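There are structures below to look over.
In what comes next, chain A is part of two complexes: it sits with chain B in the first one and with chain C in the second one.
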Partner chain A sequence: MSALTIPIRKFDAVIVGAGGAGLRAAIQLSEAGLKTAVLSKVFPTRSHTVAAQGGVSASLGNSEEDHWHWHMYDTVKGSDWLGDQDAIEYMCRKAPEAVVELEHFGMPFDRTDEGKIYQRPFGGHMSNFGEKPVRRACAAADRTGHAMLHALYQRNVRANTQFFVEWMALDLIRNAQGQILGVIALEMETGQVVAFHAKATIIATGGAGRIYHSSTNAFINTGDGLGMAARAGIALEDMEFWQFHPTGVAGAGVLITEGVRGEGGILRNSDNERFMERYAPNAKDLASRDVVSRAMVTEINEGRGCGPHKDFVLLDITHLDPATIMKRLPGIRDISIQFAGIDPIKAPIPVVPTCHYMMGGIPTNYHGQVVNADGSVVAGFYAAGEAACASVHGANRLGTNSLLDLLVFGKASGDSVVDAVKKNGAAHQDLPADFAERTLSRLDRLNTQKGGASVDETRLAMQRTMQKHCGVFRFKDMLVEGVAKICEIEQAVHATEIGDKSQTWNTARVEALELDNLIEVAKSTMVSAEARRESRGAHVRDDAPDTPAHPNGRDDEAWLKHSLWHREGSTLSYKPVVLTPLSVETIALKTRAY
Partner chain B sequence: MPAHTMQFKIYRYDPDKDSAPYMQDISVEIDTAIDRKLLDVLTKIKAKDDSLSYRRSCREGICGSDAMNINGKNGLACLTEISELKEPVVLRPLPGLPVIRDLIVDMTQFFKQYHSIKPYLINDTPPPERERLQSPEDREELNGLYECILCACCSTSCPSFWWNPDKFVGPAGLLNAYRFIADTRDEATNARLDDLEDPYRLFRCHTIMNCVEVCPKGLNPTKAIGKIKEMMLRRAI
Partner chain C sequence: MDAAEQLNRLRWRCTRRAMLEMDILLGGFLERRYASLTPEQADAFVVLADMEDLELWPLITGKRECDNPLQAQVVAMLRDVRIK
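Then we have the complex of A and B:
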């Protein structure tokens, strides 16, 4: 196939990904009458937003007093001050509206006795600037993501959004001036390759947790948007920051929501001790996720893990009223029975910290526009949700802020696209002559590669390397070695061989193409982590310990800045953190304690 | 490491090279410590033969991708315990829908029926500044309905759907129709009932109840269908 034979379809806008962020953006575009194509590897309701459990944060104050400014404070503190305070203010102020809007779309939230949206406590959610826990997480039992994703899809059905289901976007189209002009995509059912020529492109491809061996993420979470952006010359921001969720089911990796602790669940070690009291005397089990995960690993490393290999801790809700469990945590009970073989009404659940969320991503401002290293906007290019780095999560995300992020910035990116398309008028920019070259050579290579590495084994090698060299605790020597190993694995990725050459629903080809994206994410993570010689949020190194000069190992003088990884030459540059919010005063740097 | 061998018979068909579908015999070394679910085993088979095609994503029973026919009964591979399966384990695509390749079926008809029930909240009253209020009791009515994951296990186990996939909404679509009828915030109850008052769309359900037996989320479409019929009756009196 040559570029001349690729069918070209023209749209005002193309959205890659139909999870929460993509669907929220699509509503804005469809309702504004833009000709929009939404591409998704899976039927929209199968996107991984569906697996979110505990809630979406908004200072509705339905059960007790709350304020967006307190939410903002918690988010900045949670981010270990690496989050941009303009974007964080924007998100927290918009939260109540974003959640109420969803309710109006039909989302079946649980209710308080007065009929308002039910809210539960969550990690790091505090009232009055860090004073005491507050009920801020708006929930639909422990199936909030499922209820949300279906409601968003349903609203798109109402808006007649045009979906391209089971299409995988492969590469961005970028011209010499740096503008993004759409994507090239593969129809999985037929193997056909089509160019989607658009005035605006929104990346909403979600996370990439599959770079790790043990992850709460779905098989589809392979960082496709990040791989595409990196190959098109867009730098990736803050990739060293990955959240390890404290409570993945030991051995299975499946998520157990923080909402379990919000409803009163307690973490215990082999001495049956509620050990979080030692690590976070105030917030205890509801401290920020990075803090809880480190405490758990410390307990395990010091020999107080549970089970025959002393390699997990226990999440105990046996003291809760079974009726509460059945009403508020029914999905968790199912998951425990299915994947741990334990009914949590009767016995505690074995849990371990498990890779869960990518704080970094494609750099954007709070309008969802992708920005270059110098702060200028990349024309025609937008990103939202986990794939984007606005940056509202900084070095550590607060629970429930992911669902909020995708709502607020999905909508903001959609609004930005509607404005831009209306302003710039009808014409599409011309496609460059070589627009399909990179994609076609990737596909050609896969069709003809002989004697190459197996996709499965290469992916496994990458996942094991990430797990071992770039986990909850990081070590200088291991990181240096990790960079070398990942670069070696990268060579194998570029020479993978597939047995299946069929044009019809070729999942082997899809997995090989996904691995091209995963490796960009893995490499950017390892390289950025090796370079950041401080401890901050989820990034904690042995050579940056807690000292009086640098409490928690954080070094604001040297490292209060965002990392930008450039694929070309695998180099890093840095940009300042935005410390000035939109309307309130800066939340001043402080040592983080819970 | 506790290990044993298990026999599988898997439906294979690649239209690019096979003139007809066939059943492939495969024996797999099972490591009971890690191969717990059927999806774990499929992943293992695929690592050796990358041409085996099936859908999968979340691997925890919430996305609805990996529905298939397992020893004659529809279910999700990720929630099916390997130790509970009789050998040889026979895996086929969901029945009643066109097969695209191997265990992958064309779900167009299934989603067409889902879309036909207008699966979105209809309420033309301008919304209040804040959330619409709904009592906990009214919200309770949606339990057992909103949890549907659109995996199609139910509809593709229903003989009425096999016979009339173009005319009968099927259990998944009807369960979702009732999800909106039962929602106190929805104002289109009458229009929804009118739309279903049809010899095929609703009344092809003959309460065979295969749907209830196979639903991996433990939902009860037959009960929802009964409630719709009851409302129609009450409306007629």
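Then we have the complex of A and C:
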């Protein structure tokens, strides 16, 4: 196949991803009359947004007094001051409108007796600038993400959005002036490669948690949009920041909610000791996520892990009344029986800290426009949702802020596209002659590679390396070694071999192409983490400990800045954090303590 | 579509689910049990795999009844899938 024979389809805009972010953006485009194509690896309502159960935050103040400024404060503090305060103000101010809009789209939120949207408390949500907990999370039972996707999808059907389901976008098309002109994509059913030529392209491909061995993310989260952006010469921002959840089922990754410890669950090591008493004498097992995760890793590293490989700890609820477990934690019992083979009424659940959320991503401003390292806008290119870094989560995301992020910045990116397309008129920019060359040679290599590495084994090696060298708790020497190992694995990724060379539904090919993206995410993570010589939010290093000069190991003089990883030469540059909000005063730097 | 292509498509739909729980269960089942199913059981499995995750999970945990005995048989086998 050559670029000359690739079919070209023209749209005003193409969106890669049909999760919450992509669907929210698509509504803006289609309702404004733009001819819009949405590509997705799976049917839209099978996107990973379905997995979100906890809720979406907005200072509606339905249950008690609340204010967007308090929400903003919590988000800046949660981000350990790495979040951009203009974007955070924008998101928190827009939150009530975004949630009410969703309600109008048909989202079945839980309600109060007076018929208002019901709000529940959630970790990190406080009133009056950190004073006391406030009810800010809006939910639809325990299926918030599912209900959200269905509401957004229906709205898109009404607006005539055109979906390309089970299509995988492979690369961005970029011209010599740096403008993005669409994507090249593979139709899985036929194996056909097609160019989607567009005036605007939005990446909304979600997370990339599969770079780690233990992850709560579904298999689909392979960071495709980040790989595409990196290959097109766009830097990736703040990739060292990944949120880990303390309690994923060992070996499976499936999430066990914090609610279990809330009901009295206790973490124990191989000596059957309630070790959290040593690390957090007051909060104990209910200390914050990062504190608990680090304590667990320390226990495992010091040889007090459980099981034949001493590589997990135990979450014990056997002392609770079985009736309580059946009544309050039925879902957890189901998960434990299914994925650990253990009935938690009778025996404790094996758990490990598990990768959960990617704070970094494709750098954007709060309009959803992708930005270069110098702050200028990349023409024709937008991003939203977990794939983007606006940056509202900074060094650590607050629970329920990601569903909000995808609503607010999905819409903002859509609005930006509508403005740009209206302003720039009817014509498409010409495609460069070699627009598909790099993609086709990647496909060609896969078809002809001999004596190469297995995709499964290479991916596993990458995942193990990330888990061991760049996990919850990071060590200088391990990071240095990790960079070398990941570079070695990268070579294997560029020489993977697949047995199946067929055209139709060739899942082996698709998995090899996904691995091309995973490795970009893994490498950017390892390299950025090795370089950042401080502890901040989710990035915690043993050589940057808590000292009076640097509480929690955070070093604002040297490191209050965003990392930008450039694929070419694997180099880093840095850009300042935006400390000036849009309308209010800056939220001044403080030690993050709860 | 030939049988190999059909199986590949099923593999994609079993391992790119909305929820990790279902990737593990359906993907594991396809790899380890699917080949030994009777044609009727295989058809029942395809129907299950076409469901949304939040419809399927209550069947697996027994919170909801299966539509027919054949489906119940396959769901029981699905429950047996354990992590490698």
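Assume the second predicted complex is superposed on the first by the 493 of 594 C-alpha atoms of A that agree within 3 Å, B and C clash if a C-alpha of one lies under 4 Å from a C-alpha of the other, contacts with A are read in each partner's own complex, and residues count from 1 in each chain.
One rule holds in what follows: a residue touches a chain if its C-beta (ideal position, glycine included) is under 8 Å from a C-beta of that chain, and two chains touch if they have at least 3 such contacts.
Bear in mind the structure is a predicted one, so any value in this text is a computation, not a measurement.
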Legend entry - Three-chain arrangement built on chain A, chain B and chain C clash or fit: clash
Inset, instruction - Quick one: classify A:T504 as touching chain B (first), chain C (second), both or neither. - result: both
Inset, instruction - Look at A:P551 in the shared chain and tell me whether it touches chain B only, chain C only, both, or neither; answer first, second, both or neither. - result: neither
Inset, instruction - Tell me which partner A:I220 touches in the superposition: chain B (first), chain C (second), both or neither. - result: both
Inset, instruction - Check the residue A:V254 against both partner chains and state whether it touches chain B (first), chain C (second), both, or neither. - result: both
Inset, instruction - Using the superposition on chain A described above, determine whether A:P576 touches chain B (first), chain C (second), both, or neither. - result: neither
Inset, instruction - Kindly classify A:V157 by the partners it touches after superposition: chain B alone (first), chain C alone (second), both, or neither? - result: first
Inset, instruction - Decide which partner touches more residues of chain A, taking chain B and chain C as the two options. - result: B
Inset, instruction - Go through the superposed model and pick first if A:R46 touches only chain B, second if only chain C, both, or neither. - result: both
Inset, instruction - Answer with first, second, both or neither: which of chain B and chain C does A:Q338 touch in the superposed model? - result: both
Legend entry - Clash-bearing segment of chain B, relative to chain C, as chosen among 62-70, 134-142, 170-178 or 224-232: 62-70
Inset, instruction - Find the residues of chain A that appear in the contact set with chain B and again in the contact set with chain C. - result: 42, 45-48, 50-51, 143, 146, 189, 218-220, 251-252, 254-255, 334-335, 338-339, 500, 502, 504-507
Inset, instruction - Could you please specify the touching residues of chain B with respect to chain A in the complex? - result: 14-17, 34, 36, 46-47, 49-51, 53-65, 79, 100-102, 104, 107, 111, 115, 118-121, 123, 127, 129-136, 138-139, 142, 146-147, 149-150, 180, 183, 185-186
Legend entry - Sites on chain A touched by chain B in the complex: 42-43, 45-48, 50-51, 60, 99-100, 103-106, 108-117, 140, 143, 146-147, 150-151, 154-155, 157-158, 189, 218-220, 251-252, 254-255, 331, 334-335, 338-339, 454-456, 498-500, 502-508, 511
Inset, instruction - Mind listing the chain A positions that touch chain C in their complex? - result: 41-42, 45-51, 143, 146, 166, 188-189, 215-220, 251-255, 334-335, 338-339, 341, 500, 502, 504-507, 510
Inset, instruction - Name, in rising order, each residue of chain C that touches chain A in their complex. - result: 1, 4-6, 8-9, 11-13, 15-25, 27, 52-54, 60-61, 79, 82-83
